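Chain IDs A, B, C and D follow the sequence of writing; residue 1 opens each chain.
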Amino acid sequence: MITITQEDFDPGVYINAARDRQVGGIVTFTGIVRDDGITAIELETFREAALQELEAIRDEALSRYAIQSVDIIHRIGTLSVGDHIVLIVVGAPHRRDAFRACEYIIDRIKETVPIWKKEYTNEGSRWVPGEHT
Amino acid sequence: MITITQEDFDPGVYINAARDRQVGGIVTFTGIVRDDGITAIELETFREAALQELEAIRDEALSRYAIQSVDIIHRIGTLSVGDHIVLIVVGAPHRRDAFRACEYIIDRIKETVPIWKKEYTNEGSRWVPGEHT
Amino acid sequence: MKITVRAFAQFREVVGEVTVLDLPQRSGLPVLFAALASRSDESRGMLFDDQGAIREHVIFMVNRKRVPRSSLDSIILYEGDEVAIYPPVAGG
Amino acid sequence: MKITVRAFAQFREVVGEVTVLDLPQRSGLPVLFAALASRSDESRGMLFDDQGAIREHVIFMVNRKRVPRSSLDSIILYEGDEVAIYPPVAGG
(Lines give C-alpha, C1' and ligand atoms only; values in the text may rest on other atoms or scores of the structure.)
Protein backbone atom coordinates (compact mmCIF):
# COMPACT_ATOMS: atom_id res chain seq x y z
CA MET A 1 0.00 0.00 0.00
CA ILE A 2 1.18 3.48 -0.97
CA THR A 3 -0.38 6.43 0.87
CA ILE A 4 0.19 10.15 1.30
CA THR A 5 -1.90 11.39 4.18
CA GLN A 6 -2.34 14.04 6.86
CA GLU A 7 -3.35 11.31 9.33
CA ASP A 8 -1.02 9.67 11.82
CA PHE A 9 -0.40 5.91 11.48
CA ASP A 10 0.44 2.99 13.75
CA PRO A 11 3.53 1.17 12.42
CA GLY A 12 2.44 -2.00 14.26
CA VAL A 13 -0.65 -2.33 12.09
CA TYR A 14 1.44 -2.41 8.91
CA ILE A 15 4.05 -4.79 10.30
CA ASN A 16 1.20 -7.09 11.24
CA ALA A 17 -0.28 -6.88 7.74
CA ALA A 18 3.10 -7.77 6.18
CA ARG A 19 3.16 -11.16 7.90
CA ASP A 20 2.88 -13.89 5.31
CA ARG A 21 3.76 -17.59 5.00
CA GLN A 22 6.69 -16.69 2.72
CA VAL A 23 8.01 -13.90 4.95
CA GLY A 24 10.85 -14.62 7.36
CA GLY A 25 11.78 -11.02 8.12
CA ILE A 26 10.16 -7.60 8.12
CA VAL A 27 12.29 -4.47 8.14
CA THR A 28 10.76 -1.07 8.81
CA PHE A 29 11.96 2.48 8.69
CA THR A 30 9.98 5.06 10.64
CA GLY A 31 11.00 8.67 10.07
CA ILE A 32 10.35 10.98 13.01
CA VAL A 33 10.48 14.76 13.42
CA ARG A 34 13.74 15.27 15.31
CA ASP A 35 14.28 18.20 17.65
CA ASP A 36 16.64 20.44 15.73
CA GLY A 37 15.48 23.50 17.63
CA ILE A 38 12.26 23.64 15.66
CA THR A 39 8.72 24.30 16.80
CA ALA A 40 7.07 22.52 13.87
CA ILE A 41 7.57 21.41 10.30
CA GLU A 42 5.20 21.63 7.40
CA LEU A 43 5.29 19.10 4.59
CA GLU A 44 4.00 19.98 1.14
CA THR A 45 3.61 17.61 -1.79
CA PHE A 46 2.79 17.48 -5.47
CA ARG A 47 0.47 14.65 -4.61
CA GLU A 48 -0.29 13.06 -7.99
CA ALA A 49 3.37 13.09 -9.02
CA ALA A 50 4.51 11.92 -5.59
CA LEU A 51 2.14 8.94 -5.57
CA GLN A 52 3.27 8.01 -9.06
CA GLU A 53 6.93 8.24 -8.00
CA LEU A 54 6.35 6.22 -4.81
CA GLU A 55 4.69 3.50 -6.86
CA ALA A 56 7.63 3.49 -9.25
CA ILE A 57 10.07 3.18 -6.32
CA ARG A 58 8.04 0.30 -4.86
CA ASP A 59 8.04 -1.48 -8.22
CA GLU A 60 11.79 -0.97 -8.63
CA ALA A 61 12.40 -2.37 -5.13
CA LEU A 62 10.20 -5.40 -5.88
CA SER A 63 12.12 -6.11 -9.06
CA ARG A 64 15.63 -5.45 -7.67
CA TYR A 65 15.34 -7.41 -4.41
CA ALA A 66 13.89 -10.79 -3.43
CA ILE A 67 11.14 -9.25 -1.33
CA GLN A 68 7.49 -10.08 -0.82
CA SER A 69 5.82 -6.77 0.01
CA VAL A 70 6.38 -3.03 0.29
CA ASP A 71 4.20 -0.51 2.09
CA ILE A 72 4.93 3.20 2.19
CA ILE A 73 3.04 5.86 4.11
CA HIS A 74 4.18 9.47 3.90
CA ARG A 75 2.57 12.21 5.92
CA ILE A 76 2.09 15.81 4.86
CA GLY A 77 0.79 18.84 6.72
CA THR A 78 1.99 20.33 9.99
CA LEU A 79 3.95 18.05 12.31
CA SER A 80 5.60 18.50 15.70
CA VAL A 81 8.76 17.05 17.24
CA GLY A 82 8.30 13.31 17.76
CA ASP A 83 5.59 12.95 15.10
CA HIS A 84 5.83 10.23 12.46
CA ILE A 85 6.81 11.49 8.98
CA VAL A 86 7.17 8.34 6.95
CA LEU A 87 6.83 4.58 7.34
CA ILE A 88 8.36 1.95 5.06
CA VAL A 89 7.59 -1.72 5.68
CA VAL A 90 9.35 -4.42 3.67
CA GLY A 91 8.57 -8.13 4.05
CA ALA A 92 10.96 -10.71 2.57
CA PRO A 93 11.81 -14.39 2.82
CA HIS A 94 15.33 -13.47 4.05
CA ARG A 95 16.56 -10.54 6.10
CA ARG A 96 19.34 -9.24 3.81
CA ASP A 97 16.91 -8.42 1.02
CA ALA A 98 14.52 -6.73 3.44
CA PHE A 99 17.29 -4.49 4.83
CA ARG A 100 18.68 -3.62 1.39
CA ALA A 101 15.25 -2.85 -0.06
CA CYS A 102 14.08 -0.76 2.89
CA GLU A 103 17.17 1.44 2.79
CA TYR A 104 16.97 1.69 -1.01
CA ILE A 105 13.39 2.93 -0.73
CA ILE A 106 14.07 5.64 1.84
CA ASP A 107 17.14 6.81 -0.11
CA ARG A 108 15.11 7.06 -3.31
CA ILE A 109 12.27 8.89 -1.54
CA LYS A 110 14.72 11.53 -0.38
CA GLU A 111 16.09 11.87 -3.92
CA THR A 112 13.08 12.01 -6.17
CA VAL A 113 9.65 12.15 -4.52
CA PRO A 114 8.17 15.65 -4.76
CA ILE A 115 7.72 16.42 -1.08
CA TRP A 116 9.20 19.46 0.66
CA LYS A 117 9.71 20.44 4.28
CA LYS A 118 9.52 23.87 5.84
CA GLU A 119 10.92 24.21 9.33
CA TYR A 120 9.51 26.68 11.83
CA THR A 121 11.66 27.99 14.68
CA ASN A 122 11.24 30.83 17.14
CA GLU A 123 13.25 32.96 14.70
CA GLY A 124 11.15 32.26 11.62
CA SER A 125 10.93 29.61 8.94
CA ARG A 126 13.04 28.09 6.19
CA TRP A 127 12.64 25.49 3.48
CA VAL A 128 14.85 22.48 4.09
CA PRO A 129 17.34 22.30 1.20
CA GLY A 130 17.09 19.06 -0.77
CA GLU A 131 20.18 16.89 -1.04
CA HIS A 132 19.72 16.10 -4.72
CA THR A 133 18.84 17.99 -7.89
CA MET B 1 14.93 -3.26 26.95
CA ILE B 2 16.25 -6.79 26.51
CA THR B 3 13.75 -9.64 26.97
CA ILE B 4 13.53 -13.36 26.35
CA THR B 5 9.94 -14.47 26.66
CA GLN B 6 7.31 -17.02 25.70
CA GLU B 7 4.80 -14.20 25.18
CA ASP B 8 3.96 -12.59 21.85
CA PHE B 9 4.72 -8.88 21.40
CA ASP B 10 3.37 -5.94 19.42
CA PRO B 11 6.19 -4.27 17.45
CA GLY B 12 4.20 -1.03 17.34
CA VAL B 13 4.45 -0.62 21.11
CA TYR B 14 8.24 -0.68 21.00
CA ILE B 15 8.51 1.62 18.00
CA ASN B 16 6.33 4.04 19.87
CA ALA B 17 8.53 3.81 22.96
CA ALA B 18 11.66 4.52 20.88
CA ARG B 19 10.37 7.95 19.86
CA ASP B 20 12.55 10.62 21.38
CA ARG B 21 13.45 14.24 20.70
CA GLN B 22 16.88 13.18 19.42
CA VAL B 23 15.55 10.39 17.20
CA GLY B 24 15.01 11.04 13.49
CA GLY B 25 14.69 7.44 12.38
CA ILE B 26 13.70 4.09 13.86
CA VAL B 27 14.66 0.87 12.10
CA THR B 28 13.14 -2.43 13.15
CA PHE B 29 13.72 -6.03 12.26
CA THR B 30 10.92 -8.48 13.00
CA GLY B 31 11.77 -12.14 12.51
CA ILE B 32 8.84 -14.36 11.58
CA VAL B 33 8.40 -18.14 11.35
CA ARG B 34 8.49 -18.75 7.59
CA ASP B 35 6.62 -21.64 5.98
CA ASP B 36 9.41 -24.03 5.02
CA GLY B 37 7.03 -26.98 5.09
CA ILE B 38 7.03 -27.04 8.87
CA THR B 39 4.18 -27.54 11.31
CA ALA B 40 5.89 -25.75 14.21
CA ILE B 41 9.24 -24.73 15.62
CA GLU B 42 10.46 -24.92 19.17
CA LEU B 43 13.01 -22.48 20.52
CA GLU B 44 15.23 -23.37 23.43
CA THR B 45 17.62 -21.06 25.25
CA PHE B 46 20.34 -20.96 27.87
CA ARG B 47 18.51 -18.00 29.33
CA GLU B 48 21.06 -16.48 31.70
CA ALA B 49 23.85 -16.68 29.11
CA ALA B 50 21.57 -15.47 26.32
CA LEU B 51 20.44 -12.40 28.26
CA GLN B 52 24.03 -11.59 29.12
CA GLU B 53 25.02 -11.96 25.45
CA LEU B 54 22.10 -9.84 24.21
CA GLU B 55 23.10 -7.11 26.65
CA ALA B 56 26.67 -7.29 25.39
CA ILE B 57 25.46 -7.00 21.77
CA ARG B 58 23.27 -4.00 22.66
CA ASP B 59 26.23 -2.31 24.38
CA GLU B 60 28.50 -2.98 21.40
CA ALA B 61 25.91 -1.54 19.02
CA LEU B 62 25.52 1.56 21.21
CA SER B 63 29.27 2.12 21.23
CA ARG B 64 29.90 1.35 17.53
CA TYR B 65 27.06 3.38 16.01
CA ALA B 66 25.60 6.85 16.65
CA ILE B 67 22.32 5.47 17.94
CA GLN B 68 20.02 6.46 20.77
CA SER B 69 18.28 3.25 21.83
CA VAL B 70 18.18 -0.49 21.29
CA ASP B 71 15.41 -2.89 22.26
CA ILE B 72 15.55 -6.61 21.68
CA ILE B 73 12.81 -9.15 22.35
CA HIS B 74 13.42 -12.81 21.57
CA ARG B 75 10.75 -15.43 21.95
CA ILE B 76 11.24 -19.03 23.01
CA GLY B 77 8.86 -21.97 23.22
CA THR B 78 6.63 -23.42 20.52
CA LEU B 79 5.78 -21.18 17.57
CA SER B 80 3.75 -21.61 14.38
CA VAL B 81 4.14 -20.26 10.86
CA GLY B 82 3.65 -16.48 10.89
CA ASP B 83 4.49 -16.07 14.58
CA HIS B 84 6.98 -13.45 15.69
CA ILE B 85 10.39 -14.81 16.71
CA VAL B 86 12.45 -11.73 17.39
CA LEU B 87 12.10 -7.95 17.40
CA ILE B 88 14.94 -5.44 17.22
CA VAL B 89 14.16 -1.73 17.47
CA VAL B 90 16.92 0.85 16.96
CA GLY B 91 16.35 4.59 17.33
CA ALA B 92 18.96 7.02 16.00
CA PRO B 93 19.35 10.68 15.05
CA HIS B 94 20.11 9.62 11.45
CA ARG B 95 18.88 6.70 9.39
CA ARG B 96 22.21 5.22 8.24
CA ASP B 97 23.30 4.45 11.80
CA ALA B 98 19.92 2.92 12.61
CA PHE B 99 20.08 0.60 9.58
CA ARG B 100 23.69 -0.41 10.21
CA ALA B 101 23.11 -1.05 13.92
CA CYS B 102 19.90 -3.03 13.43
CA GLU B 103 21.51 -5.34 10.89
CA TYR B 104 24.61 -5.68 13.05
CA ILE B 105 22.47 -6.76 16.00
CA ILE B 106 20.50 -9.45 14.14
CA ASP B 107 23.71 -10.78 12.58
CA ARG B 108 25.36 -11.02 16.00
CA ILE B 109 22.31 -12.69 17.53
CA LYS B 110 22.48 -15.40 14.89
CA GLU B 111 26.19 -15.88 15.56
CA THR B 112 26.53 -15.94 19.32
CA VAL B 113 23.34 -15.89 21.40
CA PRO B 114 22.62 -19.33 22.87
CA ILE B 115 19.22 -20.01 21.33
CA TRP B 116 18.38 -23.06 19.24
CA LYS B 117 15.51 -23.99 16.92
CA LYS B 118 13.94 -27.40 16.37
CA GLU B 119 11.70 -27.70 13.34
CA TYR B 120 8.72 -30.04 13.31
CA THR B 121 7.37 -31.38 10.03
CA ASN B 122 4.94 -34.15 9.15
CA GLU B 123 7.98 -36.42 8.75
CA GLY B 124 9.53 -35.71 12.15
CA SER B 125 11.79 -33.11 13.67
CA ARG B 126 15.31 -31.74 13.28
CA TRP B 127 17.52 -29.21 14.98
CA VAL B 128 18.28 -26.28 12.70
CA PRO B 129 22.04 -26.27 12.11
CA GLY B 130 23.75 -23.05 13.24
CA GLU B 131 25.68 -21.06 10.68
CA HIS B 132 28.60 -20.31 12.99
CA THR B 133 30.73 -22.26 15.42
CA MET C 1 -2.57 28.18 -26.22
CA LYS C 2 -3.19 27.71 -22.51
CA ILE C 3 -0.48 26.08 -20.37
CA THR C 4 -1.01 25.46 -16.66
CA VAL C 5 2.01 25.99 -14.41
CA ARG C 6 2.03 24.45 -10.94
CA ALA C 7 4.74 25.57 -8.54
CA PHE C 8 5.73 24.04 -5.20
CA ALA C 9 7.54 24.97 -2.00
CA GLN C 10 9.53 28.22 -2.24
CA PHE C 11 8.64 28.43 -5.94
CA ARG C 12 4.95 28.35 -5.03
CA GLU C 13 5.51 31.18 -2.56
CA VAL C 14 7.02 33.39 -5.30
CA VAL C 15 5.34 32.28 -8.53
CA GLY C 16 1.97 31.24 -7.11
CA GLU C 17 0.42 27.79 -6.77
CA VAL C 18 -1.29 27.66 -10.16
CA THR C 19 -0.66 30.03 -13.07
CA VAL C 20 -2.34 29.73 -16.45
CA LEU C 21 -0.15 31.20 -19.20
CA ASP C 22 -1.27 32.03 -22.71
CA LEU C 23 1.69 31.16 -24.94
CA PRO C 24 2.22 31.07 -28.72
CA GLN C 25 1.48 27.67 -30.33
CA ARG C 26 4.35 25.19 -30.07
CA SER C 27 6.27 27.20 -27.51
CA GLY C 28 9.07 25.45 -25.68
CA LEU C 29 10.09 25.53 -22.04
CA PRO C 30 12.46 28.53 -22.41
CA VAL C 31 9.49 30.61 -23.59
CA LEU C 32 7.44 29.42 -20.63
CA PHE C 33 10.21 30.27 -18.15
CA ALA C 34 10.67 33.70 -19.73
CA ALA C 35 6.93 34.36 -19.40
CA LEU C 36 7.02 33.40 -15.73
CA ALA C 37 10.09 35.55 -15.12
CA SER C 38 8.45 38.57 -16.72
CA ARG C 39 5.75 38.51 -14.02
CA SER C 40 8.05 39.78 -11.23
CA ASP C 41 11.69 40.45 -10.39
CA GLU C 42 11.40 37.90 -7.62
CA SER C 43 10.26 35.23 -10.10
CA ARG C 44 13.08 36.10 -12.45
CA GLY C 45 15.68 35.93 -9.67
CA MET C 46 14.41 32.57 -8.53
CA LEU C 47 14.37 30.96 -11.97
CA PHE C 48 17.32 32.58 -13.80
CA ASP C 49 20.90 33.20 -12.82
CA ASP C 50 22.82 36.41 -13.63
CA GLN C 51 23.85 35.01 -17.02
CA GLY C 52 20.21 34.46 -17.95
CA ALA C 53 20.41 30.67 -17.71
CA ILE C 54 17.77 28.64 -15.89
CA ARG C 55 19.14 27.91 -12.43
CA GLU C 56 20.55 24.46 -11.70
CA HIS C 57 18.16 23.84 -8.82
CA VAL C 58 15.01 24.34 -10.88
CA ILE C 59 13.36 20.97 -11.52
CA PHE C 60 10.50 20.65 -13.99
CA MET C 61 7.88 18.15 -15.08
CA VAL C 62 5.66 18.20 -18.14
CA ASN C 63 2.42 16.34 -17.62
CA ARG C 64 3.85 14.79 -14.44
CA LYS C 65 6.88 13.40 -16.17
CA ARG C 66 10.26 14.74 -15.13
CA VAL C 67 12.13 16.47 -17.95
CA PRO C 68 15.92 16.20 -17.75
CA ARG C 69 17.84 19.44 -18.11
CA SER C 70 19.35 18.11 -21.35
CA SER C 71 15.86 18.15 -22.90
CA LEU C 72 15.11 21.71 -21.83
CA ASP C 73 15.37 23.06 -25.36
CA SER C 74 13.83 20.16 -27.27
CA ILE C 75 10.41 19.85 -25.58
CA ILE C 76 7.45 21.40 -27.39
CA LEU C 77 4.36 22.28 -25.38
CA TYR C 78 0.79 21.73 -26.52
CA GLU C 79 -2.56 23.23 -25.51
CA GLY C 80 -3.58 21.99 -22.09
CA ASP C 81 -0.15 20.78 -21.00
CA GLU C 82 0.66 21.00 -17.33
CA VAL C 83 4.15 22.12 -16.36
CA ALA C 84 5.31 21.70 -12.75
CA ILE C 85 8.33 23.52 -11.36
CA TYR C 86 9.94 22.88 -8.02
CA PRO C 87 13.18 22.97 -6.02
CA PRO C 88 15.11 19.83 -4.96
CA VAL C 89 12.88 17.56 -2.88
CA ALA C 90 13.28 17.07 0.86
CA GLY C 91 10.79 14.41 1.94
CA GLY C 92 11.29 11.24 3.91
CA MET D 1 34.83 -31.88 43.43
CA LYS D 2 31.37 -31.33 42.02
CA ILE D 3 31.02 -29.76 38.58
CA THR D 4 27.60 -29.06 37.08
CA VAL D 5 27.24 -29.64 33.36
CA ARG D 6 24.34 -28.04 31.50
CA ALA D 7 23.65 -29.20 27.95
CA PHE D 8 21.39 -27.63 25.34
CA ALA D 9 19.53 -28.56 22.14
CA GLN D 10 20.67 -31.90 20.66
CA PHE D 11 23.36 -32.13 23.35
CA ARG D 12 20.67 -31.90 26.02
CA GLU D 13 18.75 -34.70 24.32
CA VAL D 14 21.78 -37.00 24.49
CA VAL D 15 23.72 -35.91 27.58
CA GLY D 16 20.80 -34.73 29.71
CA GLU D 17 19.84 -31.21 30.77
CA VAL D 18 21.84 -31.09 33.99
CA THR D 19 24.55 -33.54 35.01
CA VAL D 20 26.58 -33.26 38.19
CA LEU D 21 29.99 -34.88 37.78
CA ASP D 22 32.37 -35.71 40.57
CA LEU D 23 35.84 -34.99 39.19
CA PRO D 24 39.35 -35.00 40.71
CA GLN D 25 40.47 -31.63 42.08
CA ARG D 26 41.86 -29.25 39.46
CA SER D 27 40.58 -31.30 36.54
CA GLY D 28 40.52 -29.61 33.16
CA LEU D 29 37.93 -29.65 30.41
CA PRO D 30 39.37 -32.72 28.64
CA VAL D 31 38.76 -34.71 31.84
CA LEU D 32 35.21 -33.41 32.03
CA PHE D 33 34.50 -34.30 28.39
CA ALA D 34 35.97 -37.77 28.90
CA ALA D 35 33.73 -38.27 31.92
CA LEU D 36 30.66 -37.23 29.92
CA ALA D 37 31.66 -39.49 27.03
CA SER D 38 32.05 -42.46 29.33
CA ARG D 39 28.36 -42.29 30.23
CA SER D 40 27.12 -43.58 26.85
CA ASP D 41 28.29 -44.37 23.33
CA GLU D 42 25.89 -41.73 22.07
CA SER D 43 27.48 -39.10 24.26
CA ARG D 44 30.94 -40.11 23.09
CA GLY D 45 29.92 -39.99 19.45
CA MET D 46 28.42 -36.57 19.87
CA LEU D 47 31.40 -35.04 21.68
CA PHE D 48 34.43 -36.79 20.13
CA ASP D 49 35.44 -37.54 16.57
CA ASP D 50 37.00 -40.83 15.43
CA GLN D 51 40.49 -39.57 16.26
CA GLY D 52 39.42 -38.90 19.84
CA ALA D 53 39.43 -35.09 19.48
CA ILE D 54 36.58 -32.94 20.75
CA ARG D 55 34.36 -32.17 17.75
CA GLU D 56 34.62 -28.77 16.09
CA HIS D 57 30.94 -28.00 16.62
CA VAL D 58 31.05 -28.43 20.41
CA ILE D 59 30.85 -25.01 22.07
CA PHE D 60 31.49 -24.65 25.79
CA MET D 61 31.17 -22.07 28.53
CA VAL D 62 32.61 -22.09 32.01
CA ASN D 63 30.55 -20.08 34.47
CA ARG D 64 28.66 -18.52 31.53
CA LYS D 65 31.78 -17.28 29.84
CA ARG D 66 32.58 -18.77 26.47
CA VAL D 67 35.89 -20.61 26.36
CA PRO D 68 37.68 -20.47 23.00
CA ARG D 69 38.87 -23.78 21.61
CA SER D 70 42.45 -22.59 21.97
CA SER D 71 41.98 -22.52 25.77
CA LEU D 72 40.53 -26.02 25.93
CA ASP D 73 43.64 -27.45 27.57
CA SER D 74 44.58 -24.54 29.80
CA ILE D 75 41.37 -24.05 31.84
CA ILE D 76 41.31 -25.53 35.34
CA LEU D 77 37.96 -26.27 36.97
CA TYR D 78 37.08 -25.60 40.59
CA GLU D 79 34.45 -26.94 42.96
CA GLY D 80 31.03 -25.59 42.03
CA ASP D 81 31.93 -24.49 38.51
CA GLU D 82 29.20 -24.68 35.91
CA VAL D 83 30.15 -25.91 32.46
CA ALA D 84 27.70 -25.45 29.58
CA ILE D 85 28.01 -27.37 26.33
CA TYR D 86 26.02 -26.72 23.20
CA PRO D 87 26.01 -26.88 19.41
CA PRO D 88 26.24 -23.81 17.14
CA VAL D 89 23.39 -21.41 17.92
CA ALA D 90 20.42 -20.86 15.60
CA GLY D 91 18.31 -18.09 17.07
CA GLY D 92 17.02 -14.91 15.53
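To be clear about the criterion, a contact is a pair of C-beta atoms (placed from the backbone, for glycine too) under 8 Å apart; a residue touches a chain by one contact, two chains touch by 3 or more.
Keep in mind that this is a model prediction, so the values were computed, not measured.
For the pair chain A and chain D, chains touching both partners: B. Between chain C and chain D, the centres computed from C-alpha atoms are 75 Å apart.
Mean C-alpha position of chain B lies 27 Å from that of chain D.
Each chain gets a centre from the mean of its Cα atoms; for chain A and chain B, those two points are 23 Å apart. Residue numbers of chain D whose C-beta contacts span two or more other chains: none are found.
Annotation for chain A: residues touching 2 or more other chains are 31, 106. Chains touching one another, given as pairs, are A-B, A-C, B-D.
Per the touch definition, chain A reaches chain C in the complex via residues 31, 43-46, 48-50, 52, 74, 85-86, 106, 109-118, 127-133. Chain contact summary for the complex, chain B toward chain A: residues 10-13, 15-16, 19-35, 81-82, 93, 95, 98-99, 102-103, 106. Of all residues in chain D, those touching chain B in their complex are 6, 8-10, 12, 56-57, 59, 61, 64, 66, 84, 86-92.
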